[in-house]
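Two complexes come next, and they have one chain in common, chain A, joined by chain B in the first and chain C in the second.
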Partner chain A sequence: MKTTETNTAAASPAIDASPRLGVLKTYKLYIGGKFPRTESGRFYKLTSPTGEVLANMCQGSRKDFREAVVAARGAQGKWASATAYNRGQILYRIAEMLEGRSSQFVAELVQMGTPVSEAQAQVACAIDRMVYYAGWCDKYQQVFSSVNPVASSHFNFSVPEPTGVVSVIAPEASGLAGLISVIAPIIVGGNACVVLASNSQALCAITLAEVLHTSDLPGGVVNILTGDRDELLEHFASHMDVNAMVYCGNDADHIEKVRTTATGNLKRTLTRSRTDWIAEDAQGPYDILDTIEIKTTWHPIGV
Partner chain B sequence: MTQTDTPKLVFDTDWSYAPAPETVPVQIDDRYGLFIDGQFVEPGDGKYFDTINPANRQRLAEVAEAGKADVDKAVKAARKAYDNVWSKMPARDRGKYLYRIARILQERAREFAVIESMDGGKAIRESRDVDIPLAAAHFFYYAGWADKLDYAFPGKVPDSLGVVGQVIPWNFPLLMAAWKIAPALACGNTVVLKPAETTPLTALKLAELIRDAELPPGVVNIVTGAGATGAAIMSHPDVDKVAFTGSTEVGKAILKSIAGTSKKYTMELGGKAANLIFEDAPIDQAVEGIINGIFFNQGHVCCAGSRLFVQESVADIVIRKLQDRMQTLIVGDPLDKNTDIGAINSKPQLEKIEYYLKVGQEEGAKMWQPTCSVPDSGFFCKPTLFLDASQSHRVVQEEIFGPVLAIQTFRTVEEGIAKANNTPYGLSGGVWTDKGSKIFKVTSKIRAGVIWANTYNKFDPGSPFGGYKESGMGREGGLHGLKEYVSLN
Partner chain C sequence: MTPASPTTSASLPDLSKSPTIDQVGVEERASRFTKRSIKKDSKLEALKMVLSMIDLTTLSGQDTPGKVKQMCYKAKHLHDAVAGLPHVAAVCVYPTMVHVAKKELEGSGIHIASVATGFPTGQYPLDVKLDDTRKAVADGAGEIDMVISRGRFLKGDYNYVFDEIAQVKEACGEAHLKVILETGELSTYDNVRKASDLAMHAGADFIKTSTGTISPAATMPVTLVMLEAIRDYYYQTGKMIGMKPAGGIGNAKLAIHYLVMLKETLGQGWMTPDMFRFGASRLANDVLMQIVKQQSGAYQSADYFSND
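What follows is the complex of A and B.
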């Protein structure tokens, strides 16, 4: 297996003539704030476009997914009741951690076949997008709320609330910017999520998990699995304790399968078919709105 | 005095109510065709079905049953009107047409109220004071949005969708038609709407009214029929968006049928709302709220407060006062102005309710009904309580859509919230307490789209309505209801 450039570059020319032997990273899943291997014991070889083996990735199973949903459900309520200010600070912290690791993300994307300039653009976009969404944490409520002028003696208002637990099939071809672009608006809104990372660009998903883990994001708010899209798709859509599902891609059969299966508990299903995730319009408050519910409350006015 | 021997309400001892029928004459034709492209036409295969008065089983009219070809004709008319007229018309003028509809509806309100009560069985007091005024208000509210859509979606440009297919239920026939048609038209779409097969008349009268308002032909098409007609609308390839109000079961079937398409959708489905009474609630007001929550419109209400949770310390007094109040309810002729509970909408619905009354008793809950008399001419059901119900009972878990209330108790706030949320539904909920901080805590923890605190079953065109979880997706009413009828670019 090839060691990363940062590791080989670190070899010192000093005392010993033989170069330092790099330490390889084991890529695991991220569930409930922990890094377990898949319970299934399965793995797949992640290779570069030239056929070089980059890592043995966990091939996550249905059971891993179900455990991740339990973790997400457990974490969601507390995350939703954290103050908006606090959520904003945590998202900003994620951006800071991303910035610090930017060269590692670029190196991983390059290893997985992304041209250098594009890799750099993706990493820059991911960091800036996280800052962008950090700022939305305490603002989208004001944009999407209303006080409703009802024709009776009642105070009536509508506010956004999180949909709950969201399952996500992340973009296959944009391993970091795409991943960030779908996760951020979900957690801004107070939801928790379980994400299936890009199969072919899985390295930076697990590295992102390390970033999330060191950013004060409570364990379980974001859970990241690696594995096979065809195998897990239906389970992501059918799970009865998942409230919404985001599918990134444009495979018509997949989309129909997701929408059909999701009717089991009337999951909200959202399809993101874009391929350019760096674009300016790949972000916005309406993406937050997609995984929130509007609650309207009435109270009489009088004594 | 203990809690339960406080003085009773005493009604109906020396006095009885004289009949007070609403007598406004109404014009109902013997037969109604399909309203397509601005005129009433015969259905292609010549089939008609009867619509009856559920209070006396008498036939009111016969109504066309639209087949697939008729639906196709309606969609084509809607498409033509969209392409040639409605999408090109200045937004201000779309608004003015909607204002016209609202005004004519207000002028003819009493006539519509009487027909609504005759066709659907609801008490005239409700159709007169709630259904029809709210329907007119809905048109009036969305009329004003037509030329202001640019202000509704910051940073986005809203565009109309095209042809919208809409299927509505029998519990609030005209009001649901207004909820569906008004925002769709305001946003520049054209409509094919199907009213429920047991309550088609006010929608057909609305078609007449729309024709009188000189709305361009094809902008609103109203086709009648049962489930097959509805399915033909929902799955028509040239319908860009579907909106459905009805049962969760049918909603799921519709979503499956359109899963492979790019149709947008709004679903307003079933409910099993919790109504929580805390020990610090104003008890007498809460009792009125419980009554209104479950017996409004015979309980044929998706947001009905059909699960009552009473804090244990006040359970005895709340239940006794509730029973006292129920003893005063008048079940009878929907057209009598004194009637509180009208007729059950149809025979199948009455059979469904009676089935659940049997199931509830078999499962071990204690059934209680007042001693009131019930007319034997049509479909009626006494208001019913199930005492000592538990979370697993079917009368607690399943939507009955009738005047049946399942009662449970709780001790702590957390227990009340947990029990309230123990349902796949999430349309609405009620909270009764005089403590403000408790209201905010509980209303924010109940997973439902509409929460009434110290009130229940209030509606307004400006107030978004719609569910969480299996109660549907999307909102109707208010600013939030606009989003369902536009694409944002």
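What follows is the complex of A and C.
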């Protein structure tokens, strides 16, 4: 007993000065609107650049991924059929919740080794980007749809439809701005996604899950896992019930593996190799276009 | 334990001799079967065995000859993309659809099961039930799934239920008789055990948990109670009675748990489609998806499997 007390005191000297014991947060996964631990029971130690242990993160397994895809598939249809206006409101709500937690996000980014000014810029960017995409929810359809001139007696028009379930390997170096920048355009388009968060910047991802959870975003639309990229990459790419995959990074072997493995069901694969996620051009309507399909209808007229 | 010599004449057993069921014990025991690790090759074999034991079922007011034909096609061609798959054990339909299934399944080796005796409630006069049975058998059903009169059973009229089963058995002739206890309406495990004993003594070839229209349908504990009744009956008479859990077994993992339970309760002799069946409509597709997952390594999508 005595040993334990000494250890705790040694690990967190701040507690000594405080009149009460601090409550350390358990970071779990976010699947289907719930916060389960990984079914594998594994974890990894998330450390700051100075070597300080920040948290025990769940090391998600392929079975967690499988469960998340089931949750995403279950949620996608209803999310896609929600009105564009409603989706916009929910995305705006996410921005509001992010704003309310901005100091927590800054603190977590700093803990994980991001300089303060950059951390603040990342959080501000994340909030602004969410508002930006909230605005696009009821506009991208008009930008990307068209009435097409055809020679036969048909009224011919093209409209966007969601691709479906998208698996995402999130940017490794940008724990919040990068994560938001890939998730937001996917859900704007009525898709559901399963995201593998940055391994070394994982704190923000799970805190973001709490934000999503309190923003009326239906459970299962966004699912967030933490774990090992090398281990999960293949399953993210090979799952037959995933319709598109977004890979963030520039590891040539990874990209090759994604491209070859994804051929199983010819899923759409997208590579994002940028490193600066705060930049103005890290957002845009064409990011939404990447995970939507265009459906063209030939409607007979004049008969 | 050597089984006693088979008895020939059916008579109502003394149901007060049926052992009482320890609810906590049986539920605990049943949950243990879900902890076995069945992986790789054994899993693949188990999945194939599950497929071969399925009674592919359609029992709805909306059934049409077209739908039954489609299901029969599925029974014969579960998933042509994978070679070496078994076909299902039987298709299970309403009596009016038996002739359709008969024509479709000619020469395929797949049995035709028909529900009868006023399925699913059983609240009909006995002569109607017997006619129902004879008609289904005459149309070509090789297996009859009958429902017992739960109302009569629950009010303690065991003689009536016993005679009813015995007469339906007689009406079946050569056809196999599966007796549906509808355990979801029997309230207690003790009743399930009594009904199992009664049905087996009255001449059932199979005992079956549920119609699938009542919730709860098949559960592992209730199936365990019935399997133990079958075991005791075997020791007592030397006759092997089959078991069919039905309803609520929607995925491959659960089906494998049932196989584990079967193996550890009754042994290898029952691990065949002649002695064990799954009554299910959705199970086959999940099993197929798991088989393809085992073979390809990639998780599967329902988009690539036939939708019924």
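Quick note on the criterion: the second predicted complex is superposed on the first by the 284 of 303 C-alpha atoms of A that agree within 3 Å, B and C clash if a C-alpha of one lies under 4 Å from a C-alpha of the other, contacts with A are read in each partner's own complex, and residues count from 1 in each chain.
In this text, contacts are C-beta pairs under 8 Å (C-beta built on N, C-alpha and C of every residue); 3 or more make two chains touch, one makes a residue touch a chain.
Since the structure is predicted, the reported quantities are computational estimates derived from the model, not experimental observations.
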Which superposed partner A:103 touches (first chain B, second chain C, both, neither): neither
Partner chain in contact with A:83 - chain B first, chain C second, else both or neither: neither
Touched partner set for A:298, first chain B, second chain C, both or neither: first
Chain B versus chain C as contact partner of A:238, first or second or both or neither: second
Chain touching more of chain A, residue-wise (chain B, chain C): B
Partner chain in contact with A:156 - chain B first, chain C second, else both or neither: first
First (chain B), second (chain C), both or neither touched by A:250: neither
Which superposed partner A:265 touches (first chain B, second chain C, both, neither): both
Shared chain A contacts, counted only where both chain B and chain C touch the same residue: 264-265
Chain B residues touching chain A - in the complex, by the definition given at the top: 137, 154-156, 248, 251-252, 255-256, 258-260, 267, 269, 424, 439, 443-444, 447-455, 458, 460, 462-466, 468-470, 472-473, 475, 478-480, 488
Chain B-touching residues of chain A, taken from the complex the two chains share: 143, 146, 148-152, 154, 156, 158, 161, 163-164, 243, 252, 255-256, 259-260, 263-266, 268, 284-286, 293-300
Residues of chain A touching chain C in the complex: 66, 69, 235, 238-241, 264-265
Footprint of chain A on chain C - complex, ascending: 296-304
